[in-house]
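Listed next: structures, encoded as structure tokens.
One chain, subunit A, appears in both complexes that follow, with subunit B as partner in the first and subunit C in the second.
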Partner chain A sequence: MSLNSFLLMRHEILLLAITLLLIVGEIFIPKHKKGSIVHLALFLFGIHTVVGFLAIEESSLFGGMFQTNNLIHFFKNTLNIGVLVLLLQSADWIQEKIVQKNKGTEFFILLFSSLLGMYFMISAGDFLMFYIGLELATLPVAALVAYETSKRISSEAGIKFILSAGFASGVALFGISLLYATTGSIYFNEVMEVITSNNLTILAFILFFTGLSFKISLVPFHFWTADVYEGAPISVASYLSVISKGAAAFILMILLFTVLKPLMHVWENIIYVVAIATMTIGNLFALRQKNMKRFLAYSSIAQAGFILLGLIAGTQLGAATVVYFILIYIFSNLAAFGVVQAISLKTGKENMDDYNGLYRTNPKLSLVMMLALFSLAGIPPVAGFFGKFFLFTAAASQGYYFLVFIAVVNATISLYYYLLVIRAMFIRNSDDPIPYFKNKIYMRLGLLITAIGILVLGLYSPLYDYIYELSSIFS
Partner chain B sequence: MNLSYILLIPLIPLAVFLLLGFLNKKIKPAVSGYIGVLGLSASSLLSFYAAYQYFFVHGKVAGVFQTFVEKTVWLNFTETLHIDMGILIDPISVMMLVVVSTVSLMVHIYSRGYMKGDDGYTRFFAYLSLFSFSMYGLVLATNLFQIYIFWELVGVSSYLLIGFYYTKTSAIAAAKKAFIVTRFADMGFLIGILIIGYYAGTFDFETLNNPEGSVILNWASTSFMGLSVITWALILMFVGGAGKSAMFPLHIWLPDAMEGPTPVSALIHAATMVVAGVYLVARLFPMYYFVEDGFVLNIVAYVGAFSCVFAAIIAITQNDIKRVLAFSTMSQIGYMMLALGVSSYDGHEGVGYMASMFHLFTHAMFKALLFLGAGSVIHAVHSNYLKDMGGLRKYMPITNITFLIAALAIAGVPPFAGFWSKDEILVAAFEQNKLIYFVGLFVAGLTAFYIFRIYFGIFWGKDKKYEHAPKESPLSMTIPLIVLAIMSIVGGFIPFSEFITADRSGFEAHLNYPLAAAAVSVGLIGIILAWVFYKKENDLAVRFSNAFGIFYKWTFRKFYFDEVYMFVTKKIIFKRVSAPIAFFDKKYVDGTMEGIGNKTVMISEKIKGMQSGRFQDYAFSFIAGTVVIALVFIYMWN
Partner chain C sequence: MDILSLFVLVPVLTILALFATNGLKQARLVTMLGSMVQLGMAINLIFAYFRERAINTDIMVFTRDYVWFKSFNIHYAIGVDGISVALLMLTSIVVLAGVFISWRMKDLPKEFFVSLLVLSTGVYGFFISIDLFTMFLFYEVAVIPMYLLIGIWGSGPKEYSAMKLTLMLMGASAVLLVGILGIYLNSNADGGALTFNILEIAKVNIPFEAQKIFFPLTFLGFAVLGALFPFHTWSPDGHASAPTAVSMLHAGVLMKLGGYGIFRVAMFLLPQGAIEWSWVFIILSATGVIYGAFSALRQTDLKYINAYASVSHLGMVMFALLMLNKTGWNGAILQSLSHGFMTALVFALIGMIYERTHTRDITRLGGLLKVIPFISVAFVVVGLAYLGLPGFSGFVAEMNIFVGAFQNDDMFTRVATVIVISAIVVTAVFLLRVIGIMLMGTVKNPEYLKLPKVTWYERTGIILLFIPIIGIGIAPLWLSNMILESLEPFIRGVL
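== the complex of A and B ==
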């Protein structure tokens, strides 16, 4: 194996190096300057994000266990941008709340380890690699969820998360072992050739699918979501809802469209049912939420239901729309979480009623929040509209008109609760509004990037064409 | 031809708009004025350079002016149907670049004096830049959808500028009126565009306009109610154009739009935006000419001719000088429309097309000059009404002379610009349609009369005693007047027929002496009548209007068109149609919706209990979910 083939794993190796550098940095940075670890981490990850964009060849390593192609490469870059924005938005929180407890570096190490797991998960060429990636992506997050150890709710969330995750991966692993039992292989390309539709493979698929559904928080495997989001630090909730969910949805798509394609007549029905349940239940729960974190948790469950619309199409168009939607979803949700984060950090307020009259005191934050919610609700001309529109097109092109109808109804319901927040910010008055405050530079940069993303992604159409072209591997 | 620098022409004003818009209060008014003028000067220089390059260096290949296009696909629908963004360079777009640049630059410079000390000085320049950007975009559009986007953008800028004095109720009302009326017309435009997209399968001007292309050759393939669908699309698009260009009966917004600052009236409501309708018809001229054998062009011709005479008659009786000019604009655009309507395609037969564009060009110069002159007068006497003016020639010599030049130009007195272009229009009409020719000739007389009525009323007439003696306007205002006056004199000598023709190959135009003589004498009669009536203070005019009694009153009230519209909207649409619908909507539609909404909330309240917070329950639902799915899909579905 030459050095060149290691370059295929550029993302993984670089991120590992950064993680190690941070550990070393932790040792060498003097005690009174611990805060500078944040700058170091941001700087290194910024470089990593930029370097990630260098082109890569499509190939595989380790006898097919690790594979990469332009679409995977593109998606890793998307995740990088998401994490970079997330880090920018959490930088202040880490500096103000975490560093004094001497846990600043750990935060980055855990986060980067989890991201590394995601890289491996989406680059996996066999089920073993996939499983290891999945676990590596999940376990550090459990520690992150319980990061604010002084808070009871945070520890509770950590426990709930680790138990649910354990449950889910147990079930998924059971599914994988049944698949191995029926096909005699764990390599994707070999499984694809021999897999046939019988009761055992269907059972195997269902078990495997529910395991992944946990990560995407599809109904009825979603119950952990709201509790965990509420208890976790906002950055971690944001990471779970954006990066983790995006990566899981992406690998689910790859598996469904390649390895499990022979079972399509089964999974399209399962996804049909789960999509309707997820959109509807997510929306119904979101209607009543008063806490912004819980609110965003349910809204992101509903959004996951929309992603399934692209999966069900099972075509190149479907794949392109899913990736495009996830990309837009990452920006929109990061913007929403970023605003919640900024306000929570300055004032500790997290309820919707606290947002009354926000526009008068903090117009810029309100505008970013408005953009984010418009995008999540799918109002033209912001990006979310195009994302949803293309997803609906993909599902309709395969004849799923009823499903699209349900989705449109759900989009309308979601509009109602997104507008509740807008109403609070712009129309309602408050005797005790959140006072004006100025964010630090990292937070402002983080919010600015998301706002620009929301405005530009939908209008800059070559991007969609590019994704469509990358998705040609599924045609 | 290198097109890359042309992209800068619209982008510079956009940058200026963003800069001024974001800095608004943080920037000194004087500085924002300079930034605005500087930005537009840059765009203008590029436009003039582009015009030189196109008309004299690269444009003509083998005696035919070429079309240059540079575009990128913006949204894909099918192989052929996509929305592009780009720039299209051909004779009329280059000519429009020159017109927009010249007038806009003059208006920018003029506004530095006119708007001095106004609270919204920076905001004003930001809006002007937004308008310039949109207008450039409209002119350079490569396809129907792009032109539509910018079409709406100029509508928005126009709305913002009419309502510039947003504390004035009448200004707000006028802005809304303009926006709603033109939007209403634009609905027609949009439907037309969609029909074209569906039946012709492309939005692209080049493909649509190709006389040997499939769209024009196969126009008859699908018909609807006796006309080809393409014809319907062209009619609907003309409705959009008629709305923007204030053609009868969609003209009612234009007089009210005079509530905006006078430089705005000069730029938007005289020289550039209002001719967008003419530009649209000219842009699609091959389609209009070939489809259904020019059926729609007949409509264009008659609508144009009627608006032409209708507006000119109203203009005679108005006492607000800006309103006279507004109706005059409507009348002159009527000329352009009728010229397009009577035009053919090939060679000298296409003289109407050439004349229309020629008149668009000269009219932009002299009408902008008239408005800016009127602005200068209003600036001095602080009133729009003729009764507050008189004898101003002594106080404002430059304004007087330049206004006179513009008046002579619009009255069609040789050798001023309006004479040449109007003569070509009359020649075209004479060859095609005698009725329209006589309407045009009659309006030539009316035009001369109403314009000299206000000229004599402002600058001669009674020697009014002013409380503060009016002063000549500052240099920043008089220089644009002088520049435009020069353009109004020399503009007519440009050999338009060699540059801008329907079939792009150019021909030699000759003066038709008998027709020219007829037009000039009609014009002179108008001037002389005005001279008799208004040169010195006398009661001739009053006696005349009394003698005409009811007819005068009708005309003065603009044939009660506003009242008719009010009656139709308020009494019929609001009371008889909207009110019952609103009742039904409130009671039944909303009721149903609220019912559904309440039910949804109730369900969500009920199922809230499922989220107990206990992990055991979550694990149960997880396993139960897996088992149910497995059972259903293995045993029942299979």
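== the complex of A and C ==
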């Protein structure tokens, strides 16, 4: 391997190095100073995030198994920022709850391994690399979900997650093997050229799509979502709903728009139905949730349905709007989870009713939450409005007006339950409100970044135009 | 900085300044100053507009165009004609009057004024936009603060009303979104590039099939905000629960967005669709006019009475727009303006009465003329303006509407027109009933004998709103000419 190929895999190698460094740190840092591992991990990952922005060549490695281009590079950076914010938001939780049990380092190692898996997954040039990445991205998360072993609900969530994730991977693998059977290759480039629409490939596609649907928690493969989010530690739920879902949606988009493009007449129908089901069912279940984690779980299912609106367009416009929406979604959902995290850490309260009167005691937290919810609901001038408007434009540009109509009706339904939280925070009064508390610096920074992101990402138009240019590979 | 963008920038700066304030006194002072600057700018704009109009014959003047999202061809494009200038004037007066009326907002004053200013930012932005995307953006910016304004500072079943209002209006905007996307994606019908610019799209012949689908969506999207029957139900509940200044702004200004949007977007861009569908909406708006008037007759809560009266009057605006002729349109826009001032004033007076007597039920009030003469006389005068007495703005507007309506000589519109005109009688009846019960007679509750007198800030608010009502009534021509001039290109485009 030449130095050049090292540079192409810069993200992966750096992250691997950080993970190894943390293992070394775990060995050499004395027990009573284990808290410093949090600062170390944050510092290293911060550097990694910054270095990630350096330009990278568009090329492929290992005979096409690993590929990278500017869009993938951009998306990896997006994931990095997301994970960095997530770490900032969870730093206090790790220090207060996890380090004492001597499990601080493992948390970072598992999280970074999973992220590494996502890098490989979205950079995959063949189905083998894709599958390895998928597994690497999933398995550590199962351990993370069950991280609070003292809580029964956490272990239960871990089992649920590993079972459904394992099943999903198996189904996807079956789909891949059928694809191999019909096309005789696992390389994306070669599959793309020979794939034809016959019953076997359609079956293969359906199985493959089912597997990925589990990751993105599309209806009807969403059943694990709410239980797992509720049981998992908030940071992990946040990771699942933001980073994991974003990466899976991104690779699904790449595969649909390149390898599986010849099957478009098949998958556009499937996605049409799944999109309607996902938006509607996600929204209807979210209406009645009282626990904030379950609430955000169903809301994120509904959001995934909106992403499908961009996928169905199948064009450069569709790709750009999907990436843009995911980027905005990452910031909005991280902000929402961040506030839930902060409150849960200080008071242990996780129900919507506990938020009554929050604005009068903790105005800043409430405002961040409001921004996040408005962004998720698509209210201008925050970023979510632009993300949704553009997604709808992409779907409508291919003539899917009815689908857009269903989507806007769903957006209105979703507004209802987002307003319920706002009602609790701003309008309702409580006899026992959450008292005023001050967050530590990491949490404040984590929330500040998301708030700025929500305010700026939409209004700052060159960002979208840049993504649109990057997406020209699909034109 | 151009003269129009300031209309958006000044409220935004005022909001930022508000964050630095502390307590009610500073907050209301900052808001008042900001709104006064805004009013000054609006007055200046009228003179500037007349000067500019003399040398510039474009549809829109003071136009600016900055590319925003290049790949979608979304621009920040602004410009005004006589109609938007008049509506900007309306907005700035009502906002300032609203600030005076909220002079003693005790609970969370800073947040209240911030929400109020966000709302007004949206309205200003909407009126100066000539790009569908920014127009839609500002429309939603104007609607969403209503939730907090009613929810936090409202009264009665405020949570219910706030949620109902927000969901119905945002649902309507969702329908509108589909309509706007339909217009946008058909704007290359003549082979040009896709565009959101209203003036560009107006030159394009959008295929009839598309117009037929997207006109009702666009129309409905805006008409819900204009309280079109049967989508008006958010309005009485919302107004009844809202605090005074919010009712004023909402009925006086925000609901005007509906009529303006119908005119500027739905009819201007989809004229064939308008002709195709006008009969449906004529039936609905005529029903709304008569239904609103009769409902007002049966209500005893002052705010409900005025809310239903608004449904009736705004139904008239939409009815006049659907007459598709110049006189009718002129009447519709005059009615929007005049209703804006009058309803804001009525809501302000209701708020003052409620603050003193703690009831809005007219059957429990009586003889107020003797106790609070200034407020009561103002109520009588605005009531007379409301029922279309010559010498006030309401007469000028309704006259134009009915003359316009009678220019259509088919049986169907004739019948509808007669129904709409008959609502005037009902309006007169319910207004005189309210005045009779509430202001005349003996004082029913001895506690009411020592109600506090009107304060200086209330007086300022009242007078501020009276000036245009009487001004338009006595000298309607300059305004009417300004509007008619701006209607020319629309007449050419639509008919």
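What we mean here is this: the second predicted complex is superposed on the first by the 474 of 475 C-alpha atoms of A that agree within 3 Å, B and C clash if a C-alpha of one lies under 4 Å from a C-alpha of the other, contacts with A are read in each partner's own complex, and residues count from 1 in each chain.
Operating definition for what follows: contacts are C-beta pairs under 8 Å (C-beta built on N, C-alpha and C of every residue); 3 or more make two chains touch, one makes a residue touch a chain.
Predicted, not measured: the structure shown is a model, and the values here were computed from it.
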Clash or fit: what happens to subunit B and subunit C when subunit A is overlaid? clash
Have a look at where A:Thr393 lands relative to subunit B and subunit C in the superposition and call it first, second, both or neither. second
Would you sort A:Leu40 into first (subunit B), second (subunit C), both or neither based on which partner it touches? neither
Now for A:Pro220: first (subunit B), second (subunit C), both, or neither, which partner does it touch? first
When the two structures are overlaid on chain A, which partner does A:Ala168 contact: first (subunit B), second (subunit C), both, or neither? first
By the touch definition at the top of the document, which applies to A:Ile270: first (subunit B), second (subunit C), both, or neither? first
A:Ser461 in the overlay: touching subunit B, subunit C, both, or neither? Say first, second, both or neither. both
Residues on subunit A touched by both subunit B and subunit C 416, 461, 465
Residues of subunit A touching subunit C in the complex: 317, 320, 374, 379-381, 385, 389-390, 392-393, 396-397, 401, 404-405, 408-409, 411-412, 415-416, 419, 422-423, 426-428, 461, 464-465, 468
Subunit A partner contacts - residues on subunit B that touch it in the complex: 72-76, 597, 600-601, 603-605, 607-608, 610-611, 613, 615, 617-619, 621-622, 624-626, 629-630, 633-634, 637-638
Subunit A - residues contacting subunit B, complex: 159-160, 163-164, 167-168, 171, 199, 202-203, 206-207, 210, 214, 220-221, 223-224, 226-227, 266, 269-270, 273-274, 281, 284-285, 287-288, 413, 416, 461-462, 465
For the complex, give me every residue of subunit C touching subunit A. 68-72, 74, 133, 136-138, 140-141, 144, 147-148, 151-152, 158-159, 162-163, 166-167, 170-171, 174-175, 177-178, 181-182, 184-185, 213
